[in-house]
Amino acid sequence: MSTQTPTYPALTIDGVELTSRLIMGTGGITSLATLEEALIASGTSLTTVALRRYTPAEGESLFGMLNRNNIKILPNTAGCYTARDAILTSHMAREALGTDWIKLEVIADDQTLLPDGVELLSAAEQLVLDGFKVFAYTTDDPALALRLEDAGVSAVMPLGAPIGTGLGILNPHNIELIASRASVPVVLDAGIGTASEAALAMELGCDAVLLASAVTRAQDPAMMATAMSAAVTAGYWANRAGRIPKRKHALASSPMEGRAT
Amino acid sequence: MSTQTPTYPALTIDGVELTSRLIMGTGGITSLATLEEALIASGTSLTTVALRRYTPAEGESLFGMLNRNNIKILPNTAGCYTARDAILTSHMAREALGTDWIKLEVIADDQTLLPDGVELLSAAEQLVLDGFKVFAYTTDDPALALRLEDAGVSAVMPLGAPIGTGLGILNPHNIELIASRASVPVVLDAGIGTASEAALAMELGCDAVLLASAVTRAQDPAMMATAMSAAVTAGYWANRAGRIPKRKHALASSPMEGRAT
Amino acid sequence: MSTQTPTYPALTIDGVELTSRLIMGTGGITSLATLEEALIASGTSLTTVALRRYTPAEGESLFGMLNRNNIKILPNTAGCYTARDAILTSHMAREALGTDWIKLEVIADDQTLLPDGVELLSAAEQLVLDGFKVFAYTTDDPALALRLEDAGVSAVMPLGAPIGTGLGILNPHNIELIASRASVPVVLDAGIGTASEAALAMELGCDAVLLASAVTRAQDPAMMATAMSAAVTAGYWANRAGRIPKRKHALASSPMEGRAT
Amino acid sequence: MSTQTPTYPALTIDGVELTSRLIMGTGGITSLATLEEALIASGTSLTTVALRRYTPAEGESLFGMLNRNNIKILPNTAGCYTARDAILTSHMAREALGTDWIKLEVIADDQTLLPDGVELLSAAEQLVLDGFKVFAYTTDDPALALRLEDAGVSAVMPLGAPIGTGLGILNPHNIELIASRASVPVVLDAGIGTASEAALAMELGCDAVLLASAVTRAQDPAMMATAMSAAVTAGYWANRAGRIPKRKHALASSPMEGRAT
């Protein structure tokens, strides 16, 4: 038995229709079987994988599982600290996996794992020239998001909070600003800890949500994946339903006239 | 087409199984047809109606519509400012509608529409003695919630924010405290403005969410009802999936060893 | 050397002028000398003491120290769980200390140490009849605050958060609502952890702030008392200076015309 | 009469001792007399002025007033949208005002007035080479803050919220991270609306606070300046006093044993 929630329209990026707006990461999971179960529960159409995890042996099982479930692979450059490093890794990914989609991560330092905006922009510019479809993992800086868009990226992916923290969306004001000005898809990426935060990301105007740890490190990954899928659906419709304004003072939902006594 | 989200277990109150954990109010809607559409989209099993709205003529159409959709009616005492008034209204509701379920509202004043804890507790005690199943609309005060439970109410219904404000859950700490200590169902009632807040209510441990204005006054009530239904589902599962702890510092979702370059 | 911050007007309660709007508690301190140092640094004019701490021997030193520093004593009923208990304790305090001022605390349970609104109101009504000046320690429920005022209390003292948690002001909306409607002084009591929260209490319209643990359990109590004193001053003036409205969009502080290039 | 709050140690930048940690902007004021009154009330030692406001006639009165009050001038590059523009403006400022201190602003666009990180870093690098002491107005991105420091700036000045919004500190997590890692002074710049937010900035570890609109556009600028001065003092001491930890559960400030009844 299941509830019958209307499905939202697919998100189209680079001509590819993503039927789910929940994009999953694969890090942090304990076994391939658990990962598969969680991915199926999430309903995801797209999953990001660190290129360095691809080895003929191990890769086969992970990538084979994704192919078996019709989940498109978005290789990422996790672990790269310079534009040069990320560009090189992107080219290796294209060669190994036969896709010009790349989730571009250029990390500033080991402690915060925050994106380095300068190196990121530089790498994005080059990769666009090299024919890649760049999904740029970035800070929540609205100005940087616009510059990435100007550089030709296919999607802007601002973080909600530092990766793995589960702190949610630390600065909703910035995320809303990014979403309201972008003409490419905006994907909230990193920081999500629980379902309400994924719903909030969509309410703020994001086109999709990407998360890994919140599902893979939850006590029950498949159950949390179910929650996240429903949350993204909830946020999608809430964003478009025209919410009531926030009011400082109360307003009766029932009219006050004609009461019984 | 629809997504296949696993349905959560029904919430049982007083031997009645509520298959949906989204309870709807009816105030603020512009037409009966729009209300019906929204209620169906919400999937609700239980809807609260102000007794004073029951008149042979008008009531027939509203209550007839609810019956046609198998939606149980929870009469409420909206508009009552004293225990005496609320008790009298409850008895009239039982006589008119043939149910001993009552959503007990005793309002302190017109400006804030906040519950009056003292009158509320007094009315609850009497109504329990009179054989009612009392759903007590209350503040987010954890001590009052326990006293209502001690008085024998069937459900405790703390507000998230003043009714109609759409401010969400102003004090999640209190709601979590109420839910963690209650042995009767806890229903978040009033204040919800958008879907992420309904999900949050469930994540904090509430057993259900009651809302009216957020749906009935939205620009597209049925669409917002869809969002709320998915949000309650999301929050239900997220609460039980064992979320990751919040961390101050980042944690890579992908392992840092073995990177490609 | 010291900064020259203009002093705010005294707060008059029951004809007594309190030159400081920071009221201190005494619990949690490790030595009388440390307490004295912190009280002097706080500049407080009024300090609350649990009656049960008054013993001829110990009391002499504590109360003697307060007298020596011209700090008025506000006895409290900490540790009382019923109206009856609190009323009895209040009478004992009046007899022992020769003051009809009483900080009325009626606690709901050991776990949360939250006020019990019903017992509190009942005790307040009786104590006012008995001629006490009642300072009512209460929840942040705006309706209860008004009922206490109607009962004749001299000050309403809502909590910011459960005592000792240092969580600050969990529900600023309620505190602002209480302050805007009260015609007796409103004192934010309990929950404060750091100086910015004391400033916020005043900005929300409170007339004074009462705190203990935030100072007495800080690593350097006297230094934190200095901070709290300055914070209350800051909040007092900020509340009256007419702050700028919050804006969603940026506004240049410098005019954009006539720039140099 | 005034309260005797202990003065904090001066903040030394580039060998200059700033006795006040409240740095003021001058934009948004209605008259020179009002500005002077507010600056005196703020106790500030350093005030930033847009170079483009300097004209022989008008400049004389503004700059003369600042000199008369022993307030050091920090020229800024407000209105510059590119590194090239900001560098040129900085040189003009040095020539006109005889100081190599410059508050470097490079704005991304008219709508948000947010800093452009890439242009900012580029301008900072050049200006340091040119012998300027650069005060870099930046986003709250911790990675960019470190890069600016590596480039040799004299102070990092992250925003709390977009300029003029009065939204306070949208992302305290980032500000705390910046302050904890910086080895140059960190000044919270932009976004402050009221005193408690200035106190919070200092509690998060900032070395100073810069604001303009919050004071100059307040209904009573001098009174708000008084509030801000006290707030910065409060936050300075609170940051160093070792605040109590936040606790989920209550803790009595008064011991529970030995109660009176």
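Per-chain numbering from 1; labels A, B, C and D assigned in written order.
Heads up, the rule we're going with is that a residue touches a chain if its C-beta (ideal position, glycine included) is under 8 Å from a C-beta of that chain, and two chains touch if they have at least 3 such contacts.
Nothing here was measured: the structure is a model prediction, and the numbers come from that model.
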item	value
Selected interface, B-C versus C-D, where C-beta contact pairs are more numerous	C-D
Gap in Å, rounded to a whole number, between the CA centres of chain D and chain C	31
Gap in Å, rounded to a whole number, between the CA centres of chain C and chain B	35
Residues of chain A engaged with two or more neighbouring chains	112, 114, 167
Contact graph of the chains (line, ring, star, complete, other)	ring
List of chain A residues in touch with chain D within their complex	108-109, 112, 114-118, 121, 139-144, 146-147, 161, 167, 170-171, 173-174, 177, 181
List of chain B residues in touch with chain A within their complex	1-7, 25-28, 43, 50-53, 76, 78-80, 85, 88-89, 92, 110-114, 162-167, 193-200, 203, 212-214, 216-221, 223-224, 226-231, 233-238, 240-256, 258-261
